[in-house]
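Below you'll find the structure, written out as structure tokens, and then a few comments.
Letters are used for the chains, namely A, B and C, taken in the order the chains are written, and counting of residues starts over at 1 for each.
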Amino acid sequence: MPQIPIIMPQLGESIAEANIVAFLVKAGDTVAADQNLIEVETNKATMAVTSPCGGKIEKLAAQLNESYAVGTVLGYIEASQEEAARLGLDAPQAKVSDTDRVSKGDSNGSGTRVQPTVRGLPVPANAAGASYLSPRLKARMTDLGLSAADLSGVAGSGAAGRVTVEDFEKFISHLEKHKMTAASSMRVSVADAMRRSWTRPIANVGMPVCLDPLFAYRKVARPKPGPALCALRALAVALAENTKPAGRLVGTKIVHPSSIDIGFAVEAEDGVLVPVIRDADKKLLKDLVEPYNELVELARQRKLPVNATGASIATVTNFGTFGLEWATPIPLPEQTLVLGMGAARHKPHWDSVKGQFVPIMEANLTLSFDHRVLDGGAAGRLLQRVSELMKQPEKL
Amino acid sequence: MSLTYLEAIREAQAQALREDPRVFIYGQDVGAFGGAFKATKNLAQEFPGRVLDSPISEDAMVGMAVGAAIEGMRPIIEMQFADFSTVGFNQIVNQAATLFWRTKIPCPITVRLPFGGTSGSGPFHSQCIEAIYAHYPGLIVLTPATVEDAYAMLLEAVALDDPVIFCEHKFLYYHLKAEKLPAEALPIGRARIAREGRDLTIVTYSAMVHEALEASKELSTEGWEIEVVDLRSVKPLDTDTIMASVARTGKLLCVGEAWPWGGVTAEIISRVTSEGFGLLDAPPQRLNAKDTPVPYHPNLWAAHRPTARSVAAAARDLLRS
Amino acid sequence: MLQTVPEIRPQNSPASAQDLHVSAYRYMLLARLLDEKFAALYRAGKIHGGVFLGRGQEALSASIGISLRKGDVFAPLIRDAAGRLAFGETVLDAVRTYLGSSLGPMRGRDGNVHRGRPHEGYLPMVSHLGAMISVVNGVLFARRLQKINGTVGAACIGDGATSTGAFHEALNQAGVERLPLVLVIADNQYAYSTHTSSQFACESLADKAAGYGVEVQTVDGTDLAACLKTVGEAVSRARRGGGPQMVTANLLRLCGHGEHDPSDYIDPKLKDSPLGRDCLKVAEDFLLQQKWMAPSRIAILRNEIIHEIEEAVARVQREPAPDPFAEEWQAISTERLNEGAEER
């Protein structure tokens, strides 16, 4: 026989509970549907709880003068199957509480909605993922003087692998456990320049150049030009003949240099300074030696005047002084070319006249360039010309 | 002594009547009957001639209050349900709210609105319309979430020289209890940190504060600590407290029982985004009732408004982003 | 103040019918000439927004203004220039509000007929018709609670306002509370372009009073003598505790709804009927017929009034307009609770 519960009803807006003041029936009584069973009192009034169906009072679980919350079972009625069916009380009750089911992305109740591409983070697709920096993260990074490049290597735990502020703070505090030395302002500005330069596609080509003519020239020349200066002058002459390889690509135009000002790298303390020889195409090699040496000295002492640096169209770097035979320097961000020269070495050279290998002094000339402006062919031709010019130093 | 939110409101009115002879209460059924929710039970007997029954005329009730205020009194108007205040809307927003700005005469009326949903109340006994009143300049709109605030803020409201829309949540009337009344409280205009946290800020008000606290408990077991800000007053909005909380956590979820369009949650997000953009580690989110009238059936009602479960789910989405 | 005609109010003396009539006529003439001035300024582009005249309604309006005492509360409506002046409003207040002077009672924050001084007993109307009646009720209710007796509250409305819910609620409220309210309804046959046949279905507006438990009198709104008697008696009854009083007056609106309205919808037959009589002329004829004022005195009075108005206008036109940058844009009197969201 079905047991139908007698439930404490909601007897008014915002009523939470009611007090039992009288039982109008007792266990064993036969009752009809809608008959008053129990009198209860709320803050507002006294009312009766009525029977959900006809049957026999099986049990009354509530106590007189006690308060029970709305929905509490106060007792049970034993009803016949037919009675229960007639009143629809035999079907399993749908559980109201499960309507707490929440569908993802439906928080505001909108039905169809464009699903965000990134779980939980409704940002536009192109801002999603590892490259997405939230405003808070950006603000924090600005505080610490960091840029996006500093985050490379930081694992992101946020949606689609983005670096959250928590990830960032963990990274910073992790770093703080390591030995740290201050980076000089020179270091920081070189870092910035290299990062900016690297946004371009850089390629490298190289060829050996025979230095014997230069060394022979040096024995008699006064003053004595160094190999790097010689390369610089040769580059100047070559670029004066064809300025295009030193041009800058801006949109769909190549902007040609207006004067052949060439810089050369000087190692100074924690970085590199680049003094400039202005109009290097218009001055002879022998006239450049003194100014060059002076600039080197000033650079080493960090006493270069302002107009002695900047606004050059190419750079020469003599990495051979470090014992390197080969290197791939990175051009300055505002330049397309950097010409490099490696250490001079004795190398065997095939002399087809003599039909044998002969020893020569040779160094590698390298050209690192912005591949958007020139290709291997043009780079190679430029190097060829420089090499040619360097083998006739008396004409430079 | 334990008292309910409703009893606290009654006690505040009794105290106001006791201390200030300019105060009187006017509304439907508030006299001998004590009010539809018994908010003025016994007050007519205790203060004869000062707790008066009105006809069903919300327009005339508010108009009359404005006239009495001009004459120097401090009327408290009880609307039987917030949903019916719209019949008196014109007098509230065009008469009461403009009087000071137009004439320099302040309008010290307090309009009490039983608002918010309870299961089975249906579309016209459940509305949350605080945003509509907040939209009009010249009104103060309050939404106490605790028994203590229901008491203290009503007292302060009656003492203010400006028109106050006092939104009392019907669900909290008997469901919320406290041990005693506070001796002092935060002033109107200041929000309260209901729960300190670290990972996410929930800004909310009235009954939703309790849903948010419930959700925070659940999330705490998952290792997240949620900060819950109880606005207490919707207008003025305590942007400083909200901003400070978002500065701590970086993530914002606004929860409101009202409808989404142009609601309190929209206003908060607008302010945080424009003034505290750099504080946000994720886009600010909000959770509101569905954009339909409030349904009657308990099953539908339970799914219509935010609950502790849906608040937790929304918070989780934001926490994992 | 004008020299020719002394201020006479019913409670002084008792006033003779002559003195009362002459005094009321003065207010009517002042109101008419002031209205004409506003109309002229409007057509000269000197007034921003609407201009609303009370032409044709002056007798009724002056009657209620003059029957009230200082200490009563008055909610005049759109066409009550005469009533306002009779109650004590100054010409300067009216001119300043219309010309948008920052020195006017509304300081530019409201304009034209939306003006008043609540603590001096006359309430600034809101545009929603019927809404002021319950506010008058509130003042009277508050006085009763404070045991202040003997004052009366008056509200003026037109035929159109009787259709609003606000009218119904307020009249009902006044009836239930038995407040000393005098509701003066100027049935000028038209609410903007809507003839009364489309406004209400009962025979006469007076029929409504019974439904609210309110006493009612009907009067010929074009006849000053009749208006003074009927309105004066209604005010006395209310003051004595007779409960709310309604007076409905029949007249014709002799101008557009506003000065922007040519009002060619008004039935010419009405204009030619007794209803269409100009109450100012009727009052003047009566004064002359009774020999209560000589024509020469009327002419002098007219000139004095014109002079007073022109001086006021000249003065106000030199006054500053509100400066948006000097305004404190605050709608809440409690400073710390103003959001000042604009500054964000």
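Convention: contacts are C-beta pairs under 8 Å (C-beta built on N, C-alpha and C of every residue); 3 or more make two chains touch, one makes a residue touch a chain.
These figures come from a predicted structure and were not determined experimentally.
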Centroid-based (C-alpha) most distant chain relative to chain B: A
Distance-to-centre winner among chains (Cα means, whole assembly as reference): B
Whole-Å gap separating chain A and chain B, where each centre is the average of the chain's CA atoms: 44
Gap in Å, rounded to a whole number, between the CA centres of chain C and chain A: 73
Chain centre separation (chain B, chain C; CA means) in Å: 40
Touching residues on chain A, where the partner in the complex is chain B: 10, 13-17, 43-44, 94, 96-97, 99-102, 104, 107-110, 118-123, 134-139, 158-159, 164-165
Residues on chain B engaged by chain A in the complex (per definition of touch): 6, 36-38, 118-121, 125, 170-175, 250, 260, 277-283, 285-292, 298-300, 302-304, 307, 309-310, 313-314, 317-318, 320-321
Residue ranges of chain C touching chain B (in the complex, touch as defined): 73, 105-106, 109-110, 114, 116-119, 123-124, 126-128, 131-143, 145-146, 165-166, 169-170, 172-173, 176, 330-334, 336-339, 344
Chain C partner contacts - residues on chain B that touch it in the complex: 24, 49-50, 54-55, 57-73, 75, 87, 90-91, 94-95, 97-103, 105-106, 137-138, 140, 160-162, 188-189, 235-237, 271, 274-275
